[in-house]
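Paired with chain B in one complex and with chain C in the other, chain A is shared by the two complexes that follow.
Let's look at the complex of A and B:
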C-alpha cells in the first residue's frame, strides 16, 4: 500500500504539468458550484439578518425594492420623498415605535452616505460611540467605524456634504459637518455611514437655514420691505454654510414641518395588532406604502435562486465534461502507460497493486483539486466585501 | 424591469457578502435614566406632584435663564437624550425642543391634546428667496395660567408617566393635583373678573382672560424700567382707546412707575406672576394663590 502510494507520488512529481492541469480542471469544476453556493448562502443569510431587524418600512409608493434598500442600506433612489406627516402620525399610534430615515445625501465626494435620523435609530440598532458623543445639535455627526478609517476622520474632524447639483448655483451649498463621535464597529452598513440629526438633512436640502437676524440686517440691497410684523429679505442674503455653537440657534425651517421630506420610516410594532393597524392605514393612503423587508428579500432571493439554478446547471455540465475528460485521460493514460504496467508486472508487482497505484493517483488529484477549490471559495468570500464597496 | 432587477440582485449580492456581523433581529432597548426631565417650571411642578417623589424630576433650565430663549449645551442635550421621559409645555414655549435631537417618542408635549384651542399672538416674520414667508407659529404659550387647561396638561403628563414607569401608580397624586388646580379655578371665578377691562405689560394672560371673561390689552413695558414718562404715555394711549383701572405685571414694576400710573391715570398695578421660573419660595400653587388674592383685592 505504501509502495503504491509512493509510486503514485513519484509519477505525479515526474509529470507535474500533466498532473497540475488535471487537478486544475477538477478544481475549477468543483470551485464554481461550491463558491457560488457559499457566496449565495452568505448573501441570503446576511440580507435576511439585516431585513429582520426592521419589521416594517413605510415610504413613498413605488418600487418596494428601492424602498427596502434605501431604508436598510441607505442606497439613493428615485423614490419620491415621504412627508414628515407620515412619521408624526405613526408616533401617535399606540404600541408602535417609529424611526425616520433620510438618506438622500452623501459626503466626501459620494464616498459616504449621510443618514439623517433620530437618536432612536442609534438606540434601536445598538450603535454607541467608541469615541466622543452622539450629535447634540444641527450640523454635528457621528461616523461609522469603517468610514472613519477610510476617510481618516475622528472626533474633532469635519467633512463637507456633497452638493446635489454641482453646476446649479441656486441649489443649496455644501455644509460642513462636524464629527463629534466615532461609532463602534457593527459589521453593518452603519459602519460606512455618516449619521446626523434630521434637522441637518433639511439644512442640506436647503429647507432649513440660518442667517443674521432679519430685524438686524441694515443693508438696503438685502431688505426688500420692512414693516412692524414682517421683514422681507432678498434671496441674496447669505445663509450660514458652517453651523457653530454660536449660530446653531438661528437655524430655522421654511414651511410646515409636516411637509418636510424623509426617505423612509422604520416601524417597530409591539404586536401583530399594531402591525396590522399600521399596514392597513398606510396602504390605504394614496401616496405611501408599508413593506415587510423580509418579504422583499424573499422575492429577491427567489429571483436569485433562478440565477443560482442556472449556475448549478452550468456547473453540472462543466463537472460532467471534466469527469468525461478525466475518464478519457484515464483510458488514454492506461494505454500510454501499458509498457510501464507490463514492466511492473514483470518485476513481480501484483495486478491489485497497480490498480491501487492508479487509485492513489486519482485520489491525489482529487484531493489537491478539492483543496484548491476550497481556497478559491474562501478567497471569493473574502473578496466579496471590497468588490461590494467598489461597486456601490 | 428584469434587467433592473438583475442589476439590483448583483448589487445586493455584493452588499450581502459584507454583512457577516449583522446583529440579532430584536431591536436594542436603550439604557435610560429613570427620571423625568422638564423644560419649564410649571410642567416640572406638575410632574413633581404626580411623581410624589417616586420618580426624580429634573428641571435643568438655569434659574436665571429665560426658558423661552434658553439654548441647552451639548452636555445638557445629552442628559435630555438619556432621560426616560421629557416633559414639555409645548405651544411653542420651548423653542429649542423642536430642533433638538431628542427621541420624539419620549417627549410629552402637555398641550398637544388641545392644540386646536390655543390662542395665536402677533409675532414678527420675515421672508426671503423663493421659499416665501417663514411660518413661525405665533401661539401664546402661557397655557398653564388657565387652571382648567393646567388640569389637562397634568393629565397628559400623568398618562405619559404611567406608560414610562410601569408599576408606578400615580392616580392618587394626580387626583390631589387636579383638586388643587380646581381650587385655583374656583379662586379665579370668585375674584369677579368677568367683564373687566385690564392692561398687561406682556401677553401672558390671554388664556385667563378667555376662561374668566375679561378683556386684556398688552402695553409692552419692562417692569425693571424706571422711565415714568414712557410708561405713562404708553398706558395713557391704551386707556384712551378703552378705559382700564388695573394693569397686570409679570414682575413688580419700579415703584416710581407704579405710583405715577396710579396718581396720574388712576391705574393700579397688580403683580401677576406667570411662574415661568421656579419661585424662590413656595411653588406654582402658592404663586397662583397669591396672584388670585392680589387680583381679587385690586378688583374690589
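Let's look at the complex of A and C:
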C-alpha cells in the first residue's frame, strides 16, 4: 500500500463516524437511482416475459389493463364475464387455438387465486405435476409450487374456496377442493395459483351444483312439481359442499352452456392472418375485445418510464447535493488539517502525495458507498419478485 | 567535503511598513557532523533561518546550500524530496499526526518519501530507535494517549528514522523544565552521533547551549536587533 493510501486509511479509521456518515449519504444517493432502475428493469422484463407467452387475449370490453392482468396474473377485475359462446366461436376459427380461463375466485382467505381452465392450459404453459396428477373431475385441483409451500398443502390435502359474498346467504357456499397434484416450479404466477377444471369454477359461481337425486328425495315439501320429463325442486334442497367420487356425477349445469361465464380467453393464432381475422371479428362485436398483451405492457412500461425519469431527476438532485456536501466537508477538512498538511510539507511530503491522500480518502468513501449501494440494489432486486407478486 | 549547511549573503524580508521583518545572514557554514545551536531573542528570525536553510522558505537574495546543493535554486518538488531524504525535523510542538500510532508517526517520513516506503529494515530501525528512546512499550498508542515526554521522543525518533545527514530542531525543549531539557538534548545528540548526523537546533534555552559544539548567535551584531540580525561564520 502506498504511503498516501495508508495515511488515508488510517485517517478514515480514526474518524469512523464521519467516514460512515459520508459513505451512507453517498450510498443513499447512489442506491436510490440504481435500485429503482434495477427493480423497474426487473419488472419490465418479467412483465414482457409473461406477456409474450400469449399472442392475444379475448375478454369483455372495458379496461384492457384489467383484462391483461386478469388473463396473465389472475387478478380479480370488475370486467363483465365473457360468455362461453366467444370461446366456442374461436374454436370454429381455422388456424386458431383458444384456451378458456375463469379466474374470479380465490381460496384460503384470498391467499390463492383459483384459476379454472382446461387441461390444454397446463400443456401450453408447460405445467406438469411434480407430485400426483392433473385434475380429472369437478372439485379436483392442482396447486402451484409456491402456493403449496406457503399453505403447507400437498397431494391428498384440501382447501375451501372463498365465498364471494360473505354476508349474502343466497350466494353459493364455499366448496371443498381436493388437491390431486402439486405443479413443478416455473417462476411464473402459475406457481401461486390453484388450477381447476372450468366446471369447478361454475360450481363456485352457483351455476352448477350437485344434490341428492330428485327421485330419492322423500320429503314432499322439497318437490315443487313433477312431470314425465322434469322434477322441480325447492331451493331448500341442500346442495353438496364437497364433491366426491360418489356424488360427482350428480353435479350438473343450469342454463345453456353458451352463456356460461369466462373471465378471458387465451388465443394462439397460427399466423398473422389468423390473428388479424380474430382481432377484427372480436373487436367488431359489441361486448368483447381482443388485446395484444405485449402492447398493453408497452403502455404500462411507458408510464413506468415516466416515473423512472422522475426518480432519476430526484436522484440527480440528491446526488448533486450530496456531492456538494462532500465538497464542503472536503474544503473544511482541508482547512482543519492545514497544520498537518504544513507538517507533511516540511518533512518532505510532495504536494502530489498530499493530494493523493485526500483523493484516496474521497475514493475510499466512494468505494464503500458504492459497495453498500450495490448490496442495497441486489437486496432490492431480491425483493423485486415478491413485491411484484404482491403488487400484481 | 561540502558543508552540511552553507549560507552566503542571505537576505529575507517579510511584511510591509512597521510590520516589516528583515533577516540578513552574511555567512554561515556548518561542517558535517557538527552540532550547532542557533540562539537569539524571540522574533529575531531563528526559526526563519532554519526554514530558509532547509528550503521551506526561499530567500530574497543570497544562497542556501545543503550538502553542496543550492537549495534555493531547486524546484519545490526537489526541495521537498531533499528534505525527505536528507533532513530530519523536530518541531517545538512535535507536530505528530493524531490519527497515527506512535510507530506510524515514527515511520511517517518513510511513508511519504519517494522510495521503497516503510520497509522491514526501516520498521526494525524505528523499533530500535523507540527502544533506545524508552518508548518501545507505547508504539501502538496514538498521540492523545501519550505523555508530553513520550510525544517528544516519538518526534525525535521520527526525525532520525531515515538516517538523515542533517537534523533540524526548532525549540525542541521549549515546553520542558531544565532537567528534562537536558535529557532530551542529550538524547538527540547521542542518536545523531550514532548516525554521524549534523544537528542544527534553534533554542533560547541557555541551559542546554553548552552541550553543542558551536553556537550561532543571531543577536550578535545587528544595529536594529528587533528587525535585523547579522550572523557570522560558526
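A few comments on the model shown:
The criterion applied here is as follows: the second predicted complex is superposed on the first by the 383 of 392 C-alpha atoms of A that agree within 3 Å, B and C clash if a C-alpha of one lies under 4 Å from a C-alpha of the other, contacts with A are read in each partner's own complex, and residues count from 1 in each chain.
By definition in this document, contacts are C-beta pairs under 8 Å (C-beta built on N, C-alpha and C of every residue); 3 or more make two chains touch, one makes a residue touch a chain.
Quantities reported herein were computed from a predicted structural model and do not represent experimental measurements.
By the touch criterion defined above, A:120 lies against chain B but remains apart from chain C after alignment on the C-alpha atoms of chain A.
Of the two partner chains placed by the overlay, only chain C lies in contact with A:349; chain B stays clear of it. Between chain B and chain C, the partner in contact with more residues of chain A is B. When the two complexes are overlaid on their common chain A, residue A:24 makes contact with neither chain B nor chain C.
In the superposition on chain A, A:2 contacts chain C only, with no contact to chain B.
Once the two complexes are laid over each other on the shared chain, residue contacts for A:11 go to chain C alone; chain B is not touched. Once the two complexes are overlaid on the shared chain, A:340 sits against chain C while remaining clear of chain B. In the superposition on chain A, A:366 makes contact with neither chain B nor chain C.
When the two complexes are laid over each other on chain A, chain A has no residue in contact with both chain B and chain C.
Taken together, the chain A residues at the contact with chain B in this complex read 39-40, 42-44, 46-47, 49-50, 52-53, 65, 69, 73, 91, 97-98, 118-120, 123-126, 133-138, 140, 180, 185-189, 197-199, 207, 214-215, 224, 228-235, 237, 248-249, 251-257, 268, 300, 303-304, 307, 381, 384-385, 387-389, 391-392. Here chain C touches chain A in the complex through residues 51, 54, 56, 76-77, 80-85, 87, 89, 91, 95, 97-100, 104, 108-114, 117-118, 142, 158, going by the rule given at the top. Residue ranges on chain B touching chain A, taken from their complex, read 5-6, 8-25, 27-30, 71, 73-74, 77-78, 81, 96, 98-105, 122-136. Residues 2-4, 6-7, 10-11, 13-15, 339-340, 343-351, 353 of chain A are the ones touching chain C in the complex.
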